[in-house]
Structure formats: structure tokens, C-alpha cells
């Protein structure tokens, strides 16, 4: 009954935790939707949440696209001022100095709308200004709402920008190829940092999920793949992450057909410390068989230029070539 | 005398720390208030702090409810401007252009109040403007205070929104039921992520607190419960947290009556890394006997829909059903 | 030569690191300033930095007192606008509408000063406005500087408020008293959380520093004190931190006079996770002999009230009483 | 095949990780650009990124110099308002009150430009104000863009200031000198905290990289250097980081000429917890042979003043003197 790590549950580095436990990604074995991947290429879950989810306006405003965000801002700007305009029209625009003769409601609305904007933005030219207590009260609320709205926008803009994003680029393809001069095969993919910011203390974790017959019915199994190297301290160039298919590997002794038959999904989790944001960042991705190539290798990504300066060519992260001999 | 972990006190993962130490929740054995729970369902302590507590305006403004917060903002807005209005009236509103004939103090106050708001919000229509040095000085202070207030409001709004909140939902009930096909009983509750944000690296810790007779007088004891699994790396679905009642468990060999007699409280602490806020978040809850059900089980929460897409139904986190056979 | 922990330098929890290394506080043995404490009661170093220190305006503006901060703001507000006023006077206030006849420079300056403030704060009543290109250009700069200044103030206010502060209160005194029913003596002090925010995962580290004769000359030595308990997961009440003076303790077998002769300083470091700020916070303090009392004990800090509700009385953290018998 | 740490990849403190793995800085052995250093003195990589790098405006605006940043702000301010001015001129400045007779486009542009600035900054004197729907609409957009721009500027200013920067100063030179009274040589450099902020929990990691002949062709090798002490808990004074050149060191038994022939680069990584920013900060630097001095030592940096107060003289961090005898 004794599982490892129980004595120190908040220990992220229990040196005793069993592989079984480590390899659990929280999917359980219930998910057997054949053909469906668990993790999308962008790292999000391929699962739909239903019911009383907690709608978080802040979160969605921070995570929506920029175009979407600016549209929301513009819409809010127009709607709010239209609302105030209606109120001004309701109490009568003659309670505003410089109001038009007002032959039509439309005219009044337009007039009140622009006055509201001048108040909401605190521009307050003054060509128009409230003259009655009623209009003064509404103008006061208008200005307060405006300032609070822009206070909010400030926070949102800051949050949107300062949200740390791992700038790690995963190779589109993974390869299965002989490992160095050993008799072993190996599963390999590579990552690279797109930005010039410094990522340090990189850690990699690769889990394989596959479908297996368990007494008759299909069940999804998981296993943690041992990596030739699971950490680097600096990340100046590309990093090829290598799982050697030895006897401890679930892929041991299987040929391409057998592996494809397992419907495997290789789930990669990368953790790094981003010095720009002074925070840990995470990047995830997954590879299904459609993205794995046999007997291919990754091309070299960096070269010295004429001055001996090392050049890293980012787009080459996806380049794989047929395997003739080791580079 | 040698307790574990002493050589590296800032080590959160001492692999040697004794269960005794681990299980200490800082309540000591002094708390014997029978019938009272230690931790409220929302995770807060059931304890009242008295005396020279450090009043932290920022903290309370960040943690109060939205309605309360907006009320404070509105009140501050009105009070501050009323104060400035009084000052303007005091030095005489005739030091402001466009002042009314001023038959009454009330009229003057209203006039000065709205002028103050126009200054405080920096709208400054200009229909009213300071004409004397005195009124200019006050107006200058008014505008400065206004801008600083809105600067503060900006920070508060941002803090309120960006405050990371664990979106973890605890099942209202816990169950005690046979564990799989073993002769053992088990204590179980489940959690689910309400939001679509990604929580990773989840860690669970469950402590039991119960009342015991120690040489005559009642004392409260604590023990850390071993969990079948105390961590998951991803949290796509629900997570049933299971303590198997084996001989190491304080509940070993006890029947429902005996357990109820212990007045047990099961205190759950969850830690996770929230990728939206790029921070660790914590969620806590506790279960007293009133929330524990014998021989019940949790219903399955996720199903494939017609397209084989997996659907997670959040409201089912609370669903427990009588136990017939294993699902 | 092999010191522990060398294989994994970024490991804060090296399970092999020697006490010698752990106990090093970075003071080295060179500091022998007798009578002077190393750490002030508030946790700051008793050391003066000289020479090319990096002056950090932001840092000092964040860390200075509130009165000091507001004084800086007010001063900046006046100085900046005075500067702009001078410029307006220089180009001639007749380039501003509504300028006075201008019999005196003083009059012009006052007029320009208040106009600058109306621009700097973007109030812009309009009773005064720039009429020439020159005055328009200066006004444009004035408004830009104003807005950037308030943008800065916003950031500063937010930083000042959101700066996490450990709300941990150290007892003013420490005690040396028999440990429970053992023959051992013990060194004890206690801490309490002043706020209602939740601190979790508390860790304590206590180091002793004392002066010793090393072949003739005085040298300062350091040792880590083993604690009866160096962590609690929750911090609902007070926490008495206890070092048992056993044969591993530098204080072993010493009586009060001998201990006083060592000129000891007990340096306490507390680490905790603050759920309000979602960050680790640290609190430090130190006790010299003048703050240590022999054969005293801490009074109980919490009591059940009439309703069985537990009340924690914060001011009692400092209460020590003569020792008759164990509470 | 089994490498250490594989069972717990997200474990930053794997107690089993092999030196080989630890010492990997992610450069691989491919980099053999003789004479070129891998890490610049300021800690940045000596590598050029090419191709589809992710351009991050926020990141660059946060990291550019202050002069550069203010230039961008000023440029943006002028360009944006010029754009709006053109639009106003296009729809005709006669749609603005107080427009000049308008003999020339230039005159109109200047007039519209200053009006746009009054709107963009929300000063809105009112001497000029929009009179037609068209001009009102543009003015409304103008004010919105202005407010959003300053919201953004606020966030940027805050980010620029609050970006944690390790204030750790590395000595310009490193020394190689006998270690204490041992027969061993040692590599030493020192660091000091320039600011008064508290850095705690300092950790040091030093890696050496050198060029070696591997079956004919040059290859770059890496090794982690064991440190006499790789951590201090407080950092009140300077910290001399010492690698003892014993038989486990790649420098073992080599004289100055042999060491220079290795083209070694000593790469230092420091991690610390900054209490002002409540975050971990990192500082890196590297020493090539040109910065290493044989048989020199660092001068003492701190002295007691007349009052017995300890004074730390920062500029002395770079002072090295010829070695006569131990200080």
C-alpha cells in the first residue's frame, strides 16, 4: 500500500516516487477514444468542459486575441457612451450648455453622445458642459466610469503583455532512428528558443500514452520515457531530446508497424526559467504517429559564419533528412 | 533528539522528515473545541484574531467583494469632492468663474462640489475655473489627489483581477468505501478544475485530525494520511483522491460508529501550478463526518459524445450514488 | 576536498550538505566587532555599504516611508510645474489666452504656474490656453510629461502596495528553559501571524553566532541549531520554535554565565508561502543575550470564548512569565 | 542506459544527476569557434539568432535603454498626433471651432496638430473643439487612442522598473593561487551585492569549458567545477567563490602554460532570492584566460570604522594584489 512520496506530498522532487505514479498525466485509463489525440499540438487538452464552469472575464480578456480584445474595447467605448447619451437625452439636453435647438431626438442623441465621450475620456473641451444638477450628477458618474474603465484597461494591457509565454519552438516532426553507434533505436525530437531572452534550467519530461487490450477491452496506458538527458542549464542552441528504446522502454523490440498499432502519443512537457519575466515557463506539445518519421535525422541548425561567429538558423528546427550516416 | 530535515531547514522536500512532523498543521494539541471544525469548507481557519493585528488597507481592498469595493470607490469619490467643495465654499465661490449669485450656502456647495469633481476627474470643462490664487491652489491639490486616487484605483483593480485563484472544485461529499477488490476500506473525495486554464504538477496532502482521550483529558491529534496517489502532472479530468485504510491508517479496523466517535476532520491541501498566472496556487478544504458517506461512490464525470470527443460534466463532481458494484 | 551538494549547486535541498556549509551566513569569521550585533531586530544587516553602490531610484521610491513618498510626489509636482512656468514666462505669457496685463514677473509666473498645472494634470479648463506655436509646443510637452509622471506614480503606488511583507511577528524575548520533562535545556522563541491572510508551508532556520578565542585572537563562529520542529504546514496560531540544547548544541553543558560570555546572537530566518500575494515571503530577526531570559516560559496565546470559538490574542506573543510548572 | 534524475524530470535537485549531465550548458560539443567566448562578460550568449524569431514588441520596449525608450515615446507621440492632424485637415479644419482663416495647409496642419494633442492628452482646453459629427468622431478616436497609449505606457514603465535585476557585481578578474595551507592550487573570483536590498539563499555554479583534441578534430568539452562552498544563506559582505584544483578537477596538475593552451572559459552562474522583488534573480558571467591572474589574491573589502561599525568598500571587489603571504 505504501506509495512513495507520501511522507512529503508537497515535494516536487521525491526521489522515490514510482514511475507508475510519475507517468500519470491525470487522464486515467478511461479515455480510450481511439484516433483522438489527448493533447493538441499547441499543448491544450483535447477535452470539452461542460456545466458550471467559472466564467472568468479577466482571464478571457487577457487570453483573447489582440483583434478580439481591441474590438471589445471599442464596443465597450461606444456602448457605454451611448448609454450615457440616452440618459442625457432622457433628462433633456437643454440641461447641457451649447445644446442644439433640438429639432429631433437623433440630433439630441448625437449631441449627447459626443458630450458623453468628452466627459468619459475627461477631455472636457467645455464647449458643452452640464448646467443643471441632474446633468452634473450624470456627468460625474460618466467621468468616474470612464476613469475606472481606463484603469481597468491599463491593468489588462499590462497583464496581456507581461503574461510570460514560453518562446520554445517544437520541431514539427519527431524521428525514430538508431542511437549513435549502439544497437538501440531512439525516439528524438528537438526544441529551440525563438527569442533572444535567456531560458535557463530547462527540464524535459516525455510521456508515452498508448492503447492496449486489457482483458478484452481497450484501455489507455501511460509510461514515462527515460531520456538520455532531461536537463540543460543554458539553452543557447537547439536541444535534441532523446529517448533510447532499451528494454525498459514500452517501445522495446517493436518495429514500425507494431508501434503504429499501439496508437502511441508522445507527450512532451518542458519547464524553463525565463529571465525576462523572472518566472518559470512551461511549454507542452505532443507527437502522434503521423508526426513521427522512421530513419530520419535532424539537420544541424548552427554554423560559424565567416567571422567565426556562431549563427543559429531557427527555421531549420523542422528540417529532417533521410538517414545515411551520422552527422 | 535529532529530528529529520534539520540540516536543510529550507528544504521543502526533506526525504527524511518524520510523519509526525509532516502531519503537524500548526494547530497543536491545545485545540479541543469539540464540535467546532478547524478549517471551514472554503479553506479558511475557524479562528478569530484579536489585538494589534496589522490592518492592511491594500489587502482588504484587494480581498473585499466587488460590490463592497465599488461602494468604497463611490463613497471615496463623493466624500473627497465634498471635502474640496467645503474648502471652496470656505474661501468663497466668487473666486471661481461662473459662480452663481449665491443666495444660499447649499447652492454654493453644490456648485463647488461639481466644480471639484470636474477638477478631480481632470475633465475641466472650463465653464467654471479658478480665478484667484487661493482657488487655483486648492484646484491644483484637487487635481493631484484625483490623479493619485485613480492611479491607486488602477493598481487595485489590477491586483483584484490578477490575484491567482485556484479554480479547483472539491466534491461536497467524501465517501468511505471498499478499495477496489482489496479487503481494505478507503476514504475518497474528488476535485475537478472548473476553468479551461491549465493546472499542472498537482500535489495533494490530506491530514486527519481527531479528538482522543489522553490520560483523562481530551486532546486533538493529527496524522498525515497516505494517499494511493498524491500527484498528477496534468489535470484534464477529475481526480479522485484516495486514502486506503490499511494498518498504518488511524482509521484502521474502525467501523462507522467508532469513526464518528473520533469526531474526525479530514483536511485537504492541494497545490498546483497555474499556467495562466504562471504561479503556484493552493486550494484547501475539509470534510467532517457530516460530509462523509459510507458505501457510496462517485459517478463517472466524463463521457465521449457522438463524435468520440470527451465531454467533462462539471456539476457531476458532487454526484455520489449507492454502491452496488465497481464502475 | 569533496564538499556535499557540489554536484547540484542549484539544489536548495541538498540532502548531503554539511552543517558547516549550511550554517554559513556569509559573514565569514572576519567580523569580530564585539558588542555589535550582525542582524538588527528588524532583520536588516548591521553593515554599511560604501562606494559605487548602484543607486536605484525605483527601489528607494518603493521602500521609503509613505510620508517621505508623498513629500517626494508633492515636491516633484511643484518643481516640475515651476520649471514649465518659467519657460512660459520666458517666451512671454502673452502667448497664452487670458493672460493678465502683466505688471510684474511674479504675477506672470503665478499665472503661468497654474496654467502649467492645468496642463500637467490634463484638467485644461480652457480659461487659459496656448495661442502661439511656441506656447503650444511647451504645453504639449507639459501634458506629455504630466501623463508619464502619473503613469510612473501608478506603477510606484502599485509596487508599494503589492510588495509582499511577511506579517510575522517575533516575540520580543527568547527564553532558555528546561525542555518538557527531559533533563535538557532548550532555547525558545515564538512567532505569530498578525494578519488573517494565510501563510502556509512555514519553514524555520535558526543559526547561532558566537565569539571564540582561536589561537589567541577572537573569531566569530557560526552553527546551525537543530530545531525540535522546523516546519508547519498551516499557521493558524502561534508557533514556538524550540532548539533543544543536547550534546550536539554549541550551548551544551554551559550555564547562563558561560553562555553570556560567548556573546551569542541567535539569528532566525522564517520562510512561508503567502496566499494573498501568491509568493514566498521571508522574515528574519535575531536575539542577543539581552533579549534572552532564563527559566521563563511563554504564556498561552489562545483561548476558547463562551461559544467555544478559539480566540488568538496577538499582543500576548511577547508575554513571558516566571517558570513554576509546565502549562 | 539509465541516467539519473529520469524518474523525476521536474526535479531541480536530483541528488543522483551525474556530473556529466549537470555540466552540460546546452552548447554541445559542436561549438569549436576558437578564440570566441561562449558567454559575454554581461552574461549574454555569444550567438546570433536568425530566421523566424518571434519579434516581441513588449519585450524589446522593456529591455531597451531608457534614452531609447523615451525617444520611442516621443516619436510615437508626435507621429500619432500628426496622423490625426492630417485627418482633421482632410475633413477640413473649419469643422473645428476657433479654426484660423486658413490661408495655408501648413497653418491648418499646425492648428489641427495642437488640437489633436489637446485631445490625445485629454487636456481639452476647449479654445478649439469639434463642431461637426465627422470631427467629433475623429476626436473621439483620438482621445481613446491617447488613453490606451498612456495605459500602455503605464504598464511599460512599471515593467521596466519592476524588472528584477540582480545587483551582483563580479570581480573583473579571477585568480589562481594556492589554497590556504594545502598543496593544492585554487581558482577564485568574488562577487558582492551593490545594493542594500537583501539577497538570500545564494547559490553558485561554475562550469569550465575548454577545447580538446578528440581523435584529430577539436571539440569543446564541459565540466562542472566543484566549489569549496556553493551556497550562502545571507550575503552581507563579499563572497569569494573557490574551486580547489584537486585530482577531480580538469585543471589538475596543469601549469599556467598548459591551462592557457586549453583555451578555458570559466562560466559562473549565481542564483539568489531578492527580497525587494520577492523573486529569484540570476546573474551570470564568464572568465577567459585573459581575465585570470596567477598568484594574485583579492584584497580585503571590509573594515571596522572608528565606532566598530563594519564598512564594506564596494570598489575593492576588483582589487587584486600580488601574493606574498595569506591575509
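As written, the chain order gives the labels A, B, C and D, with residue 1 at the start of each chain.
We take it that a residue touches a chain if its C-beta (ideal position, glycine included) is under 8 Å from a C-beta of that chain, and two chains touch if they have at least 3 such contacts.
This structure is a prediction, so every number in the text was calculated from the model and none was measured.
Listed here as common contacts of chain A and chain D: B, C.
Counting the residue numbers that touch the partner chain, chain A and chain B have less than half of them in common.
By number of C-beta pairs in contact, B-C leads when A-C and B-C are compared. The geometric centre of chain A is 36 Å away from that of chain C, both derived from CA atoms. Distance between chain centres (mean CA atoms), chain B to chain C: 25 Å. Counting only residues that touch two or more partner chains, chain C has 10, 12-15, 17, 22, 118, 122-126, 154, 158, 201, 205, 233, 269, 279. Residues of chain C touching chain B in their complex: 12-15, 17-19, 22, 73-74, 77, 110, 114, 117-118, 121-127, 150, 153-154, 157-158, 161-162, 167, 184, 194-198, 200-205, 224, 226-237, 239, 244, 246, 248, 269, 271, 273, 275-276, 278-279, 300, 302, 304-305, 308-316.
Partner chain B is touched in their complex by these residues of chain D: 10, 13, 122, 124-126, 154, 201. Residues 1-3, 5-17, 21-22, 24-28, 30-31, 33-36, 38, 43-54, 56, 58-59, 62-63, 97, 118-119, 122-126, 128-131, 133, 136, 139-140, 143-144, 146-148, 151-152, 154-156, 158-159, 163-164, 205, 207, 269, 277, 279-282 of chain B are the ones that touch chain C when the two sit in their complex.
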